[in-house]
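One chain, subunit A, links the two complexes that follow: it is found with subunit B in the first and with subunit C in the second.
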Partner chain A sequence: MSERQDLEARLQSWRQNQKKETMEYVLLSGAGILTVLLVWQAVVMTGMVNERVLPAPTTILETLIFKLGNKAPDGNVLSVNILASLQVALSGFLSAIVIGVPLGLVMGWWTYADRFIRPIFELVRPVPPIAWIPLVVVWMGVGLQAKALIIFFTAFVPCVINSYTGIKLTSKTLIDVSRTFGAPNYEIFRKVGVPSALPMVFAGIRVALGNSWSTLVAAEMLAASAGLGYMIQIGRTVARPDIVIVGMVVIGAIGAGLSLILSRAEKYFLRWKINR
Partner chain B sequence: MPTEDNRPIKVEVKNLTKRFGDLLVLDHMSFNIRKGEFVCVVGPTGCGKSTFLNCLTRIHMPSEGDLYIDGVPADPKKHNISFVFQEPSALPWLTVADNIAYGLKIKRLPKEETEQRVNQILDLMGLQEFRNAYPGELSVSAEQRIIIGRSFAMKPDLLLMDEPYGQMDVKMRFYLEDEVIRLWKELGSTVIFITHNIEEAVYLAEKVLILTNKPAKIKEEIVIDLPRPRDITDSRFIAYRNDITDKIKWW
Partner chain C sequence: MERMNGEPKALRNVLYWGLPVLAIGLIAIGWIAFSGSNPDLMPSPAAVWSRFIKTFTKPIAKTTLIGHAWASLKRVLLALMAAWAFGISFGILIGWNKKARAFFGSIFEVIRPIPPIAWIPIIIMWFGIGEFPKILLVFIGTFVPLVINTSTGIEMVDRINIQVGQIFGGNSSQILKDIVIPTALPSIFAGIRTSVSSGWTTVLAAEMLGANAGLGSLVTRGWQGSDLSLVMVAVITIAVIGALLSVILQKLEKVVCPWNH
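This part shows the complex of A and B:
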């Protein structure tokens, strides 16, 4: 019994330590951001940089609050721009996952599929996603589909490559275990290949998410009428750097939010992954 | 042992030969294993023990000869063959219980029977309280026990073990050796256990097959006629051990 009490006391102290470490981490990260904002504010307030070139953080905050309820100068309130951008980014990103991940897994597992698809993929892969814009405009005009397709190209490549590499790294012993139990190849693919590739697949999805969100502005250069990229464009046209920076800050914040959601999903699906 | 002679032949290996190009690794090996027999295979390092096992499991196809289970050529899809690999091979994304059920699900056993066998193994191994843990949460030796449990849960026609305790310390090895004997007696499986540890072979086996240096042939079959539990300090135990050591010497 005393051994149990001792264990529980040690667990308690370990938990307290963890809590303390998390707190320290949060405080330090907060202090870092605050320092940058303070330096920025000081640089603008002391006149080292003209406010018309770089507005102060307080001005950015005012513009952000203003944009929550006002349509000027781009014709949409902030929430409409956010929703429009999310729609474009997520439809491109999600289709890249739905098509790219299975394609990479199948290519990595079956040699014939690899030989058939890989040459085409290798030819398409080095083409920068932005180079597709003119062609996409000719094919699809400038609607949601066209913009989503640009995002798709940028998210598709890391999804395929990581899934391909992940499944290629499947432990031969685990494959042999299943084979000696008499499992057919497709069952080994499903029960061993796919779960074993998951950590790499998630890493690919993370890269894809970053790419999608950062290509958003480029995609919204295609004659959009709403969206964060569009808002940034208008900010540039009317010489309002505060609008441009609000757009950038919101893109950054939503990107971080999406990344957090992805981390949670990853933590759930890879809950078995424990480093001994 | 007179009782052994009454057991029917379960596994027949006839002229098993394996070549990789010009390299002859296994040279016309023939032997029989009776139903429920525990056979240890010992041989010099690099003599082809792993190739031998891989041929038995059909990971490699033999160049000549074959392996028969109950008179028909071995086929992992038809027969229950279980393999305990030297390296840890629990599926890290499955819980302990799901790992033990893994082979049973591949064989499409009814759900109730799968559940009953998993529980039986968990009870026998004292792993019930860890049934929902992931292998990564346990020690390496506990992971190896899961794998051994998974293999016995199959009630295999043939259970092959390739130096499963190669990475364990002496204490853990003795403990696990006793556990394997307990599972084997309880479930009556037919076992081929590969080891380079002669003491381990004498401790476990009813029969020891000694392989020659490459190309591997069966040098001798030795029946270990000792009561269980065996005592490694017993003079007859030591005599068996020394005898096998002398026969295995290739230098």
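This part shows the complex of A and C:
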């Protein structure tokens, strides 16, 4: 009996210790961000850094609220810019998933598809997506389709590579078992290969999402009339660092939000997977 | 994977070696046909080749193609050296020390989702379009993957390995140096590889938005001067150098962490 009490007492103290450590972690995290904001505010308010070079956090917040309802200086309110960017990024990103993932899976499973598609893919792969911008703009102008195509290029490559690698890593044992039980090749592909490649596929989609969002900014800075990238580019030309920083903050926040949504989706689709 | 049976061996060989040739052939024919009917939209391979030769005889912005390539490479290399030094040490710090992870990690997490390219306008406003702002941009772009990979690698080291070190009486810095960092090396190297490719992309973006030298500036110059052959020459050079860099790193990885394969 006393042994059990002793154990329970130790469990209690361990739990409390754990709780204390979590609290400490949260507090320190908050302190880190708060310190940066305070130092930032202080250097601007004491005049060590010119307000025209680096506006204070409070100014940034004011500009953010101002941009919600005002079109100056780039001609669109913030929500219009956000929607424009999301539309471009998501259409390019989603079409890259729809085309890239099946292509990679097929290449990884059927040798002849690999032999045919691989050389084409290897030619396109090393070109950084940003380098496509001039060619695509000459071909298609600066509309939604042109920018979506550029995003497509950047998201397509990791989708293909990861799906390809993922399905290549399918356990040989599982394939042999299915074959012994008489499953046709296509069925093994669908029921064994694809599910076992899914974790890798999701890792590729994650990279693709990051690439899409960052290339979007480049595409909008070089060729656009709306969107967050356009907004920060205009902010620079009219010398408004507050607009530029608001744009960066919004870009960062939306990027983080998108990757959170993707994590949720990943958890949902891989819920059958046992973590060992 | 799929066993290639069913077809006779000769047919199999023809398909195996013929398909890649067919693919490359189709691309080449497609390029020639498209550029033949739309020379304004796409220069022909011959035009690109002669433009390539011309970059050596008639310098662009006072230097040849090699000079521009070197300008870009130099920026990337300088930034990479700084990013390797700072990024890996910072990654080790926040991966190893819990308090540091809480304090600095939170700041890093806030800055991390901002793509390096989104820094371009503010950095141009602060530092102009000289050499330093470009190196700084590439530094930002390469710092992030290095920190993420290093700190994840350090955090994922098996607790048992650390405990063995403790039982054998190693102090904290010995355990870090002899157990944790070697175990995290493959992950750190993955970060180095990512940093090189992302650095190469970022320098291009930085140069496209304002530079007098560098491959990215050639792209913009060709684009604005309606000289698409020059754009193609620059794009192909960029792709070739990017591919070479990644091959070099693959070889290097086999030397640095041979147990990874």
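Heads up, the rule we're going with is that the second predicted complex is superposed on the first by the 242 of 276 C-alpha atoms of A that agree within 3 Å, B and C clash if a C-alpha of one lies under 4 Å from a C-alpha of the other, contacts with A are read in each partner's own complex, and residues count from 1 in each chain.
Methods note: contacts are C-beta pairs under 8 Å (C-beta built on N, C-alpha and C of every residue); 3 or more make two chains touch, one makes a residue touch a chain.
Keep in mind that what you see is a predicted model, and the values were worked out from it rather than measured.
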item	value
Superposition on subunit A - do subunit B and subunit C clash or fit	fit
Contacts of A:245 with subunit B and subunit C, given as first, second, both or neither	second
Which of subunit B and subunit C A:183 touches, first, second, both or neither	first
Touching partner for A:259 - first (subunit B), second (subunit C), both, neither	second
First (subunit B), second (subunit C), both or neither touched by A:108	second
Subunit B versus subunit C as contact partner of A:32, first or second or both or neither	second
Contacts of A:233 with subunit B and subunit C, given as first, second, both or neither	second
Subunit A: partner with more touched residues, subunit B or subunit C	C
Contacts of A:148 with subunit B and subunit C, given as first, second, both or neither	neither
Which of subunit B and subunit C A:127 touches, first, second, both or neither	second
First, second, both or neither for A:173, with subunit B first and subunit C second	first
After fitting on chain A: smallest Cα gap, subunit B-subunit C, Å	10
Of subunit B, residues touching subunit A in the complex	57-59, 75-79, 81-83, 85, 87, 89, 91-94, 102-103, 106-107, 134-137, 139-140, 154, 160
Partner subunit A, residues of subunit C touching it in the complex	1-2, 4, 15-16, 19-20, 22-24, 27, 41-42, 98-99, 102-107, 110-122, 124-126, 200-201, 204-205, 208-209, 219-220, 222-223, 228, 231-232, 234-235, 238-240, 242-243, 246
Residue ranges of subunit A in contact with subunit B within the complex	171, 173-174, 176-184, 187, 191-192, 195-196, 198, 271-276
Touching residues on subunit A, where the partner in the complex is subunit C	21, 24-33, 36, 53-54, 108-112, 115-120, 123, 126-135, 137-139, 168, 170, 175, 185, 210, 213-215, 217-218, 221-222, 229, 232-233, 235-236, 239, 241, 244-245, 247-249, 251-253, 255-256, 259
